[in-house]
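Several structures are given next for inspection.
Consider the two complexes below, in which chain A is the common component and chain B and chain C are the respective partners.
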Partner chain A sequence: MSTDAPAVPVAPVLEERGARGVVELIFRVRELGLLVALALLVGGTYLAEPRYLSAQNLRDIGLNVALVALLAVGQTVVVISRNIDLSMGSVLGFTAFATGSLFADHPGIAIPLVIAISVAIGAGFGAINGALVSFGRVPSLVVTLGTLYIIRGADFAWASGRQINAADMPDKFLELGSNSIAGIPVLTLIAFAVMLVAGFYLRSYRSGRELYAIGSNPDAAVLAGIRVGRRVFGAFVISGALAGLAGALYAARFGTIDAAAGTGQELAVVSAVVVGGVAIFGGSGTVYGAALGALLLACISSSLAVLRVNGFWEQAIIGALLLAAITIDRLLALRVTHLLQRRSARRAG
Partner chain B sequence: MPADLRARLGRWETLTVFLLVAAIIYGATSSADFLTGGNFNSLTSNVVEVALIALPMTFIIIAGEIDLSVASILGLTSALLGYLWNHNWPMEAILPVVLLAGALAGAFNGLLVTKVGLPSLAVTIGTLALYRGLAFVILGDQAVADFPERYTDLGFGTFAGTDIPNPIVLFAVLAVIFGFVLHRTAIGRSVFAIGANEEAAFFSGLRVKRIKLWLFVVSGLISALAGIVYTFRFASARADNGAGLELSVVAVVLLAGVSIFGGKGKMWAVVVAVFLLGTIRNALTLNDVSDEVLTIVTGSLLLLSVLGPSFAARLPRRRVASLPTTTGGT
Partner chain C sequence: MAEPIIALESASKSYGAVRAVRGASLSIGAGEVRALVGENGAGKSSIVRLLAGVQRPDRGRVLVDGAPADFNNPTDARDAGVAVIYQEPTLFPDLSVAENVMMGRQPLTTGRRIDRRAVHRHVTDLLARLGVRLDPDQPVRGMSIADQQIVEIAKALSFDARVLIMDEPTAALSGNEVARLFSVVEALRDRGAGVLFISHRLEEVFAICSTVTVLRDGEVTHDGPTSPLSTDELVRKMVGRELSQLFPKGEAQIGETVLKVSRLTREGVFVDVSFEVRRGEIVALAGLVGAGRSEVARAIFGIDRRDAGTVEIGGRELPNGSPSAAMGAGIGLVPEDRRQQGLVMDLSIERNATLTTLGRLGRLGVIGRGAERRVAADWAQRLQIKLHDLGDPVGFLSGGNQQKVVLAKWLATEPRLLIIDEPTRGIDVGTKAEVHRLMSELAGQGLAVLMISSELPEVLGMADRVLVMHEGRLTAELDRDEADEESVVRAATGQRGLAA
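Then we have the complex of A and B:
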């Protein structure tokens, strides 16, 4: 032991780097795993039915994934901070109806203004959620379950049976939901751009990193001087605003809106996020993973349709996939802890 | 502190009783039909599935877990019941099989939570989709409705010539049993201990995993029972029966002041909360108030139920902190 003494200051550093390398690799593998699953699914379906990769079908998948991916990005920001936003489906429904009725009641209103109002309404709902969670000190699961009901109820009360149709909205706006640039639907491009911005924010901005810190250990985050309340509030505003954006785009995509739009979306979004490797108790995961999760779920339903598998299987498969994803995550995490323990044990010896 | 805590908790739970009384007075004064036997029948019938599932859900939430798959188990067992009936099974054989299926579905949840160590929130969101999906795989979008009156009577018949619906009698019996187990037995104390501090419970020798597993099994079993009640009450077995009911159940339990963090809650308050929501819904319907108002009322009550104690908890603490003698406490 004594002869090794000079090497001691160097060895732990090397060991640590090695350990961190393993952890990083495993987490990269997590997203790689999703890509592999996606490739297998797409490749397999293509071999069985070449129409799967036709331009039309790819476009449909792109359109279908766009809205869920938008919501999933917002949900990821919240979940990383060890919270959850169950009100997203209701916010989407409310803002979709707001978008439609703005166009119907004010013919000639500027399209960007309507989208901005929709985003602002969503952000407002997010601010209410955030204020209740961080300043009311109430668990987000309960708060957003409450606002899920309240916002949906307000939506129904406001709509009172009314339905907005495509004829009520300007063609330019509806084209947003159906047009493509270079073969890629505009909606998909918007979702992709939002994902990149959110990914950059979470990875490279101080407040983004602080969200991970809060999610890993809220008490430690407080002690480290992070303004936890303000950050969590901000996360809810982001998820509300994205749900508002998704609401406006929902109106553009479907053209027909009633008060039930987006009902039950919250669980689909949480599924996408969890399949995408975002830990439900915060602290780890990326928006890219969440978006990949949304893409995987969209590809599965498309595969089932193309292969003419009974659509009744879809939900069961999505559920099984979610369970498989979290089980694999858990087993990987156990392996990593085991590995790290062994390394540190070896270092100590 | 515990005495203070208990007093504070008592406040919200007492408030639910006052709210229930207020709702009954509102119903009785605003509508001549409210205080009739027939109306009592429809009021209680409408909440019976939520009421049944709320019993095991109270245990699970007090233990610090959650089960969002309950409504899907209800749908799955309803679909299974219809499927087996279509295949000419005798009802005497179907019912045990259906109950067993529910218990197995719950056991699967429980094993993933206890053996694999996954968070129950994520697991049961997964099985929410899985079980509902299996319900559709079993029965598709068809409805089985040709049940003989002998069985549907169990769902919408009344008990011994009164206006009390049969399923409510079942609920009353189960509520007493669940309440007794929760508040008067070692099992119940263990559930509170696990919810308050799982690690401490483990180190004091409680078999935390085994108890949790059984909680999920019972949750599945009672959800299956609710599935049977639902099927007979509407005389219709469908795969989408009870869709979305899980959130109502969770809302009722939390409305009763049961802490989402575990360790706190009263069974009688859950029963009060079930009838509080049922009475509000019923009174509003009798007055032709639309359903959306009820949705808003439900959500607002839910927020109030957590905000109230949260703010109340902060006020006395400040006062206590200003006293120089207090050193312990939270």
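Then we have the complex of A and C:
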């Protein structure tokens, strides 16, 4: 007997290609749709108020988006694995304050060392989150909601009303937050680089793909021999470390830090991630989408400011956008499933 | 004789107070296809978990090539060459076929990056070897169960498994798909792999397995070659008692029409389906998986909208796309997938049993625990559900008893028409007969039953009339005396249409 199973005539290549094309387009449409929305928003605002595209305003948008995008990249890594990290805003606040006080209390300390410490503190918080989620088996929503309050509380206790000002920090460090290279703010470049690295990691490394697998079907991930606990732990460490980096950069950008820095950031970040097409129950989405989501939200708030719309609308619009994104997501998923079922029915026939 | 590739030596495993496996020994040698049979709850799945490294035995050991092996996790088992195809697909719906097959073992380039081209090439080869038409880049979400099974097999092939364990691989397959699976299994066997094959379909056991291990209440009651055994003997070893008749459909007074379906169509799924079901009648809807049978049921019940045609209950037309209207008109639907659609696995038995009748149980909207428990206890007794406590999660029950809870849940609504999709899928032989007896009794009491079944003996034994679907069309309507294996299979494979 032959070792090979009986071969079935190969399907016409065209049919396969066509099938794949439709599905791919629908999955990619999320990012396309974001780009279209972005173009409409920018175009419309520009027509009404040409100052919108002034170098200064673009720079501001770039600066504003950088920190949120950085956090959004970290959040994406966690959300893909069917978890959530709500403690990011608090970690940012804590590490921003830590950065400021390191400079204030140890004049002359090396800048890279301070940034490294800030990242390490963030990673440490991430490790606590990750350990509780992976090994304590507590849902991440609960764990990170708890650490959100604990870390913020620790921040307040440590700061005890103290505020750190730009004068406490070296100029070289503050320049990180205000300088540009070729017209693009350094902060934006850093966020962009981090996004590219994270995107590459998630796409091309086994451990990155395994995060998607875990988010897609945790039970199957265990059976496939994936070390789920370790991977999820790693995802939280990444997100904590990025929040720590964002904390240091926050200090460089704003110069003034008190214990309330970054309060509520986690919600802006989750919004950016969801608007960016990352499935909130894990398994799909990209850091590029999340960064685009952050950019869209930053553009909206800038556009409202330029058009002198009441700031209240910003919140309402972000909320509406969030609902729209989730609704579209569900509808698309249903349509794709339906489409695929029809096709397989037809193919069987 | 050569050492078996993998063996279990007097292994025991308990879950809490339940002793799932008791001192069981089993071995799989090279080129051997061994069947593992037993009633549901006999411990088959537990044995699979031990061999797969998902769990470790409390006592006894796992031997690989005669040497003790300590599987701490599924990876250890996989590294020893053990591949498992589980009852429930264990795939990642968001990821592509190729990624599913190669997850965790993707070929890497220098720099430890995933070599996407190599992944694609490798999976394309595997699928070609299996003789199937699947796009490696297609996401798994939305694929049929049969296709998902193929992906699982491709996964097993991808690491040249020495032992393939298949836990009811054919439960969701039909006809040619089973044949396709068997040819793959035979190819693996001829290449020197060992196969452990678990199935409730005994004819498959006899068709493909050379040896058989029978399990009863966690203990091995028989171990030997398949050929000297007859089906009856095997069944007796499984249940430990005689089964006089597997499919006892009694005579029932057939009355007026309850369900009338006219020219029902859902675009791309099924076309122009018309039939009637009468009081006291069991009508079987037969056909291959994917022929559109479950979809017809869903459209009748209003889960999916129909694009054309009408559904009438007792002469009244049902509104489109409204399950609550269907329930109000007296339709009950026992779905194909108990775990996903029929039950809320984490809820207690009583909560599950009363889910459909909550409105009636409540007083001013408040549901009393006492009333709930009384109703559930009543049904548990009437259907002889074997349980420890009504407050236990329904997931604790064996498959057959879970199915009875689903039945109870619907019978409590006092339906006029009961649609049962695969009434005995994954249910052991003993309970199967009980479910059949129950269906027959219900029909005797005047219930109209529409039964979807992929098991031919069940269809032929139970049905007063057999409707056969093929590729979304009704291809035959056979009376009890016209229906036999040949006529149904011909219609299900579409040959009858050509001849007529």
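Annotations for the structure displayed:
To be clear about the criterion, the second predicted complex is superposed on the first by the 330 of 349 C-alpha atoms of A that agree within 3 Å, B and C clash if a C-alpha of one lies under 4 Å from a C-alpha of the other, contacts with A are read in each partner's own complex, and residues count from 1 in each chain.
The criterion applied here is as follows: a residue touches a chain if its C-beta (ideal position, glycine included) is under 8 Å from a C-beta of that chain, and two chains touch if they have at least 3 such contacts.
Owing to the predicted nature of the structure, the values given are computational and were not obtained by experimental measurement.
By the touch criterion defined above, A:283 reaches chain C but does not reach chain B.
In the superposition on chain A, A:212 contacts chain C only, with no contact to chain B. When the two structures are aligned on the shared chain, A:323 is found in touch with chain B, with no touch to chain C. Of the two partner chains placed by the overlay, only chain B lies in contact with A:156; chain C stays clear of it.
When the shared chain is aligned, chain C comes close enough to touch A:204, but chain B does not.
By the touch criterion defined above, A:43 lies against neither chain B nor chain C after alignment on the C-alpha atoms of chain A.
Within the complex formed with chain A, the residues of chain C that make contact are 52, 54, 73-75, 78, 84, 86, 89-95, 99, 103-104, 106, 108, 112-114, 116, 128-133, 135, 137-139, 141-144, 147, 180, 183-184, 186-187, 190-191, 268-269, 290, 292, 471-472. Touching chain B in their complex are the following residues of chain A: 84, 132, 136-139, 141-143, 145-157, 160, 259, 264, 267, 270-271, 274, 280-281, 310, 312-320, 322-323, 326-327, 330-331. Residues of chain A touching chain C in their complex: 1-8, 10-11, 16, 19-20, 23-24, 27, 204-206, 209-210, 212-213, 215-217, 219-226, 279, 283-284, 333, 336-342, 344-349.
Residue ranges on chain B touching chain A, taken from their complex, read 66, 112, 116-119, 121-123, 125-134, 136-137, 140-141, 239, 244, 247, 250-251, 254, 260-261, 290-296, 298-300, 302-303, 306-307, 310-311, 314.
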